[in-house]
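We call the chains A, B, C and D, going by the order they appear; numbering starts again at 1 in every chain.
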Amino acid sequence: MRRIRVHPDDFDIAAESAALLAACKQAGALASFTGVVRSTSAHPITALYLEHYPGMTEAALARIAAEAESRFALLGCTLIHRIGTLEPGQNIVLVLAAAAHRQPALDATGFLIDFLKTSAPFWKKEIFPDGTSAWVFPRDGDAQAASRW
Amino acid sequence: MRRIRVHPDDFDIAAESAALLAACKQAGALASFTGVVRSTSAHPITALYLEHYPGMTEAALARIAAEAESRFALLGCTLIHRIGTLEPGQNIVLVLAAAAHRQPALDATGFLIDFLKTSAPFWKKEIFPDGTSAWVFPRDGDAQAASRW
Amino acid sequence: MPITILYFAWLRERTGTGIEQLVLPQGVSTVADLIVFLRGRDAAHDAAFASPLVRAAVNQVFARPQTPLSPGDEVAFFPPVTGG
Amino acid sequence: MPITILYFAWLRERTGTGIEQLVLPQGVSTVADLIVFLRGRDAAHDAAFASPLVRAAVNQVFARPQTPLSPGDEVAFFPPVTGG
């Protein structure tokens, strides 16, 4: 059971959790990761613009999900990534992983978000309070996090 | 921000996620673990009965949350555990952890569920299709999982 | 000294007791002493405490056999926890 | 040979192009060759591809400089990805 979606609309983690569990009757564990637009006093932004490569994105997410399925005792997973202009506090990405027991669900969730960040063609641009903007530069830690697996 | 609850009623992961994020304005990452009543063809059950030690449970969960706050760069966490009689597919436990970035949120979620399983006074009894029942025996892996931290 | 004793899960079922208040005789001053005392009370308690899996808490904190008891303590007996 | 080229993020902004279809001259047979060819077309492309951060995909799979090109390929250029 693999659910992959890329769209501007928000997602409902309760509805997505229920849908994944309904499709994975033997699941005893569901882990999730939600990424949220962050604006801090040290680095204030008014919006985040998310662009992607239609077609390649879905293929890349399917490859990442297949890799997680091959590595962990997963019953199913959900990957949802929003695109377009988002405001601070809004959801960006949802990863859900269902398994019989907690460790594969937790491990797969970490794996999926690490690889999504390094292997799926999304690009973020930050819009600042003065109206200027800048494309986000990858964090060094992202490649390191993905290389652990 | 620490939200701890023990009650028979179900929880809504979307409402809990929104409440935690609303209280953690600097959060960029929210991780969760949901435990679900599991019935399999190899080990069918009709219900799970959950008993706890009122008072000590809340104190134990507060200690576990405080330990997670001291170990990880957590902005907040939520621990909800249901008690009473639950059916297969129903939620048992919810752990939410909010942080600025993904790694502390994911690590704290794993830590919280591992310690909840070994350090909070809950007991599970399985009810079988023939009407008999048996108290659940701890899995060896649970103490091992908690000892990793 | 007066104490309150709570039993959970199969300790509650096997002793047939959820909560009781007792006045302990002289010499019963630790969790281990209390278990010996309780086992001597009746066959149900003796059978319940025969398991090596019995765990205890004193005043809602996990305790060991040598944990000392004080007047007014709340002592709980239960099997290994299985939440989550 | 005919190919389609896509540009994303600041590659799109700096080249002023989102998508274009080109017929490549003889000798342009790898991703690296294509970058050299594109940089020679105008100052905007030259500036965009001057960054060491340019990444590429061929037919929606991440590619390397030496990845060969075939007629009808879809080639994309973009900065390092920053999703999630």
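Rule of thumb we're sticking to: contacts are C-beta pairs under 8 Å (C-beta built on N, C-alpha and C of every residue); 3 or more make two chains touch, one makes a residue touch a chain.
All values reported here derive from a predicted model rather than from experimental measurement.
On a Cα centroid basis, the chain most remote from subunit A in this structure is C. Rounded to whole angstrom, the centroid-to-centroid distance between subunit B and subunit C, based on C-alpha atoms, equals 27 Å. Here the CA centre of subunit A is 23 Å from the CA centre of subunit B. Rounded to whole angstrom units, the spacing between the C-alpha centres of subunit A and subunit C is 49. Among the residues of subunit D, those in touch with two or more other chains are 84. Chain contacts: subunit A has residues 35, 102, 113 touching two or more partner chains. Contact between chains, per the stated criterion, is found for A-B, A-D, B-C. Against subunit A, the residues of subunit D that register as touching in their complex are 6, 8-10, 57, 60-62, 76, 78-84. For subunit B in complex with subunit A, the residues that touch the partner chain are 12-15, 17, 21, 25-38, 40, 89, 100, 102-103, 105-106, 109-110, 113, 141, 145. Residues of subunit B that touch subunit C in their complex: 35, 50-53, 55-56, 59-60, 81, 92-93, 113, 116-125, 135-138, 142.
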